[in-house]
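Across the two complexes that follow, subunit A remains constant while its partner is subunit B and subsequently subunit C.
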Partner chain A sequence: MSETTIRSGYAKRTHTRILIIGGLFALLILLTGVAATLGSYSISVIEVFETILGGRGADSDISTIVWNYRLPRILMGILAGAALGLAGAMMQGILRNPLASPFTLGIASAASFGASLAIILGAGFAAGGSLIIGNAFLFTLIAAAAVYGLAQIRGITPETMIMAGIAIMYLFSALTSFLQYLGDSEDVNAVVFWMFGSLGRSTWETVSVVAILVGALFPLFLLSARSLNTLSAGDEAAKSLGVPVEQIRIGGMAGASLLTAGVICFTGTIGFIGLVAPHITRMILGGDHRFLLPGTAVVGALVLLGADSIGRTIMAPQILPVGIMTAFLGVPFFIFLFLSRRRNYW
Partner chain B sequence: MKQVFSILIVLILATGIIICPVQGSDDYSTEARQLLATGILDHLQGGGPGLVMLRDAATLYPDYPRLITDTAGTKFTFYRPVERVVVMHANAAESIIAIGGDDRIVGVGSTIKTNTLQFPGLSRLPDVGRWTEPDIEAILALNPDLILTYVTWPEPEKLERHLPSRIPVIRMEYYKVEVFREEIEKTGRIFSEEEHCADYLAWYDEYLAIVEDRIGSIPCEERVRVYAESGSGQSFGRRTYSEGTGLHDLLVAAGGVNVASGHTTGYADVENEWVMHQNPDVILIWSGKAGYKLGERNDIIQLYEEIMGTPGFGSIEAVKNDRVYIVTSGFAFGTGSPAALVQVAKWLYPDRFEEINTEEIHAEYLERFTRTGAEIREQGTFYYPDGREI
Partner chain C sequence: MVTIATDTVKFSYGSAPVLYNVTFRLETGAILALVGPNGSGKTTLIRCIDRILHPEGSILINEQNIHTMSRNDIATTIGYVPQNGTKIAAATVFDVVMMGRTPHMSWRLGDGDIDRIEYAIQLLGIEDLAERDYNELSGGQQQKVLIARAIAQDPKILLLDEPTNSLDIHHQLEALATISDISRSTGMTVVMAVHDLSIAARYADMLMMLKNGTIVAIGKPEELITPERIREVYNVDARILYDPEAGLIVAPLRAVPGVAL
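Entry: the complex of A and B
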């Protein structure tokens, strides 16, 4: 095969991947439009778009519903899905493990413990939840630091980080169970609700925080894409090609933890996005992180927004927590993936 | 020889029961006679309650045996009054206090133990574990002749399975409207406190009748539309309470129409926009905070302010007309619920209850049917707004 043929084949594949990402993005915009029209208050599609385009008085009920409730919820769905997907793809990349995600590495368990601590022993949850957010964020970072610290003792390798992550996950899960045992039924209810995850608490302030985090970390992730590709050949190969393996691993873990913490402290634990979004994307686009990372962000956003839209309409007016819906969608998909994945797609 | 002697005693007892007219001729005594006869026959067949029980019932307690069927549907025969009772949950404890049987309680569940202001006396008794996780050894050490717990909790595998069959476990709720009155009557019979029980039920019935008299004739279409929720604000979501919940029963008994009826059952998480769409006349919030716990008044006020300040809620009739009300669990359910019923009915139909002083009704309840001290009467926040300065 001549060099020209290889180059043109590569260019074609690249073009196709960009087209697919563009197509997925267009699908996300379409879903956003549909989600904006879904809700318990009878508002027509035209009224929704008139409101968004500024054609309605800012003080009308419709304007309040669209601007204060629906749009922050939708944007949070997009940003949180993208962030959790990116965090999962980064963790799977740096650890070279298809099961790595913020949940399997103890990050989400730590957030749950932080929130439980605030709800059961603190006083923050009735005061607007700031203590819960702060605690969840803090404990997520503590868990990430603990995983790093434990792994460093035995040398930063994928195996040590995963083992440390699993240990941390069990520790924080046990601590959360212990707190639930101590708490009264109302507080335990609140913890359980928090652990289901919900986009219903989204406001423009929380959306802004997540947007800043995603906006700041996404370019950094993209910059490390080539190193992640090299890393997939193994630590030795990557080191021989000049990739600072440990730095990438520590930086990637810190970035993924920060993204996860920034999202789940506002939404509660939303499962499976971080695990399945990178897998879906890898099946569609392949394992090249230059395409995998942006693709995962779009797929994560699509899955989370889709799950939330289904969750708030399937039994309306009752809303099913989005954490449950993502698990409902994620588990069958994960089993499907497990049973039918193409050879060597990972 | 001993066996013959035993049979002879039983036969003498049986003869006494059959020949002697036992304490009048009402149905109650007839029931006692029949139960004792059954007990004797069971004993003669090698089963039954034992000779001591039969002798006590026949000679010392003419109103015994008594048959009690608990809310779980299990039948129990009591051959003499209970003397050592273990109570697993606070709803049962407050009911027993209301009928004056608390001097027979010897052990309490953790929620009673920690609730020192509501149960100043009972909270000093030994702890027998949580109502979900009983401490079997602690229960056995108290040698109880009765255990009272919820219908569902703890599961029989955690309680009855580990206890000798001589200790009956009666399962009653004491907070569900549909069985509450019946359960109080049964408790009066278990504790032999019929007189106090009748006092309490007279008070209970009086206020239920007052509410029914004044709201019973309101046609459905003129009834006040109420949105009911557990008030935990944004951080917990908007959780509405519909059919099958105590809060729904309370608002319906007070003459309201739940806007969630027909949409959801039990409790369900809903969106703010759904509440706006329903546009209720009144918003009724339930909270587990405050009540008999002092120092949580601010939590209640924050619930009120959260609703009043929720974007878009300003256009809801209830918020526009300042008809947002909060009841605490220590007020809305259980033995004190008639006071809550009158209060909620007055919130819904103020003109029909103008001359009724709801504060006095609740104060009377605390005074007559609880063991609480002055600090609860003076500082407790049981509902909001309650007319007190912030």
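Entry: the complex of A and C
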């Protein structure tokens, strides 16, 4: 291979990856239009886009339905999918482990415990209607801090963080089971339903909060992409190449935990995206985090919005919780990619 | 370009001391080979010089203490080729060599970065592997990629931990000639841990013999490599031969029995 082909090979790969991300993004916009047509009131895709481009406040049934009911749910699906995908990609990157996700590190089981505490005992950190949200958010951060604290005793390495995370996960799962054992059946039902994960509780306020969180953290994640790439060669090599390994690991953990907490406190636990969206993206785009991170955000959004759209229609008028649908939709696709790829993607 | 000077460097893993009072000075552009038996502290010394480990005592790079340098300053000055064996997820050879640009590049890979990556890939003769998956390469190929990564880093000092241990003799000679050429043409200072004494003698200006974490001797290879010293350091009886082209050749004869590591 001559000099020009090393350079042009890189340029070609870069263009391909940008094109794929652009294509996935276009698909997401199309899916948004299709998702907004789903429901008992029939609206065409063209009408949906006209209504969205026409802005909020037009005095028509279509505008009310699209803006007030369907868009908050759809946007929450997009933002939650992007956030959980990013959180998973970050955790897999900083821990160099294909099984890492917000769930394997106990963060999500802590959120479930926080929500259970609010539902069953009415106890927690916030007042009134925000009790479940406040509890889920805070317990998520407490779990992240506990993982960090435990891991730090032996030094912040992927192994210590995963061991600490697994311990925390089992602890909070046991605590949640204990609360369910104490609770009456109505409360237990509510906890179980919360743990399925749902976009049904989305409002413009909750969408705004998640949008701010994703908007603030996504650029920081992108800035760390180069360090994450180098970290994949091991701590020692990364240090020697100038990467502040511990800061990246602690910052990445904090960022991923915040994103996860910010989403699942509103939606309940949606488990599958954080693990699998990064893998699907890695198989398509490769391991360079400069492309992997934005790609994962789009793929996470696509999978979550697609799952929710199918969940809303497949047994209509009954709506299946999105947490269940993500696995039904994502697992076959993931297995197909996994079996059909010749190359080692991890 | 850059000198290395250490003063009474000590390091322990927990309570097990590995280096004691290592003091030496290496001038710009010199090639130093660290030799000694397994566990003598060669790798530890290399890691200390790159501040991956934090020893007692002082290590000065161009008269500046490495403890006062930022991680990025160290990375633009010192390149490190570890022993291979680490899997790297979803990375092509190009991606791995690109990592060498980490301390230099901004978020985007600039033209200058690509120039340097190309230079490193060509220098090691691994153009044909550029788009291959790193994990699929043989140990020897991976070793060349890691050397290319350090060359892409454009360091003033190059540290290599047994750079030839998975290479066949053809590629050993090639890789060491490449490193030696770069050192001669750019004044890059080189420190490498090597097991093969004949190779060390052939390519190094200076030899440091380590045993149990201390320096047994440091000096020119032809002065240091004697049957007595090889017996002292390795507990091996050896004969020293001389070939007009290959230089000094160490022919190990037998291990002295009954000596623990």
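Note that in this section the second predicted complex is superposed on the first by the 302 of 346 C-alpha atoms of A that agree within 3 Å, B and C clash if a C-alpha of one lies under 4 Å from a C-alpha of the other, contacts with A are read in each partner's own complex, and residues count from 1 in each chain.
Note that a residue touches a chain if its C-beta (ideal position, glycine included) is under 8 Å from a C-beta of that chain, and two chains touch if they have at least 3 such contacts.
Because the structure is predicted, anything quoted here is derived from the model rather than measured.
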Inset, instruction - Return first, second, both or neither, reflecting whether A:Arg7 touches subunit B, subunit C, both chains, or no partner chain. - result: second
Legend entry - First, second, both or neither for A:Pro244, with subunit B first and subunit C second: second
Inset, instruction - State whether A:Ser40 touches subunit B only (first), subunit C only (second), both chains, or neither. - result: first
Inset, instruction - Answer with first, second, both or neither: which of subunit B and subunit C does A:Asp61 touch in the superposed model? - result: first
Inset, instruction - Examine A:Arg312 and indicate which partner it touches, taking first as subunit B and second as subunit C; both and neither are also allowed. - result: first
Inset, instruction - Quick one: classify A:Glu186 as touching subunit B (first), subunit C (second), both or neither. - result: first
Legend entry - Partner chain in contact with A:Glu205 - subunit B first, subunit C second, else both or neither: neither
Legend entry - Footprint overlap on subunit A, where subunit B in one structure and subunit C in the other make contact: none
Legend entry - Complex contacts: residues of subunit B adjacent to subunit A: 111, 230, 232-238, 263-264, 268-274, 276-277, 288-289, 299, 302-303, 306, 311-312, 315
Legend entry - Touching residues on subunit C, where the partner in the complex is subunit A: 47, 50-52, 71-72, 74-76, 78-80, 82, 86, 88-92, 94-96, 98-100, 102-103, 105, 107, 109, 114, 117-118, 121-122, 127-128, 130-131, 133, 135-136, 153
Inset, instruction - Would you mind writing out the residues of subunit A in touch with subunit C in their complex? - result: 1-3, 6-7, 9-10, 96, 98, 222-223, 225-227, 229-230, 232-234, 236-237, 239-244, 282, 286-288, 290, 343-346
Legend entry - Residues of subunit A that touch subunit B when the two form their complex: 39-42, 61, 64-65, 68-70, 125-129, 132, 184-186, 189-190, 193, 198, 200-201, 312, 317-321
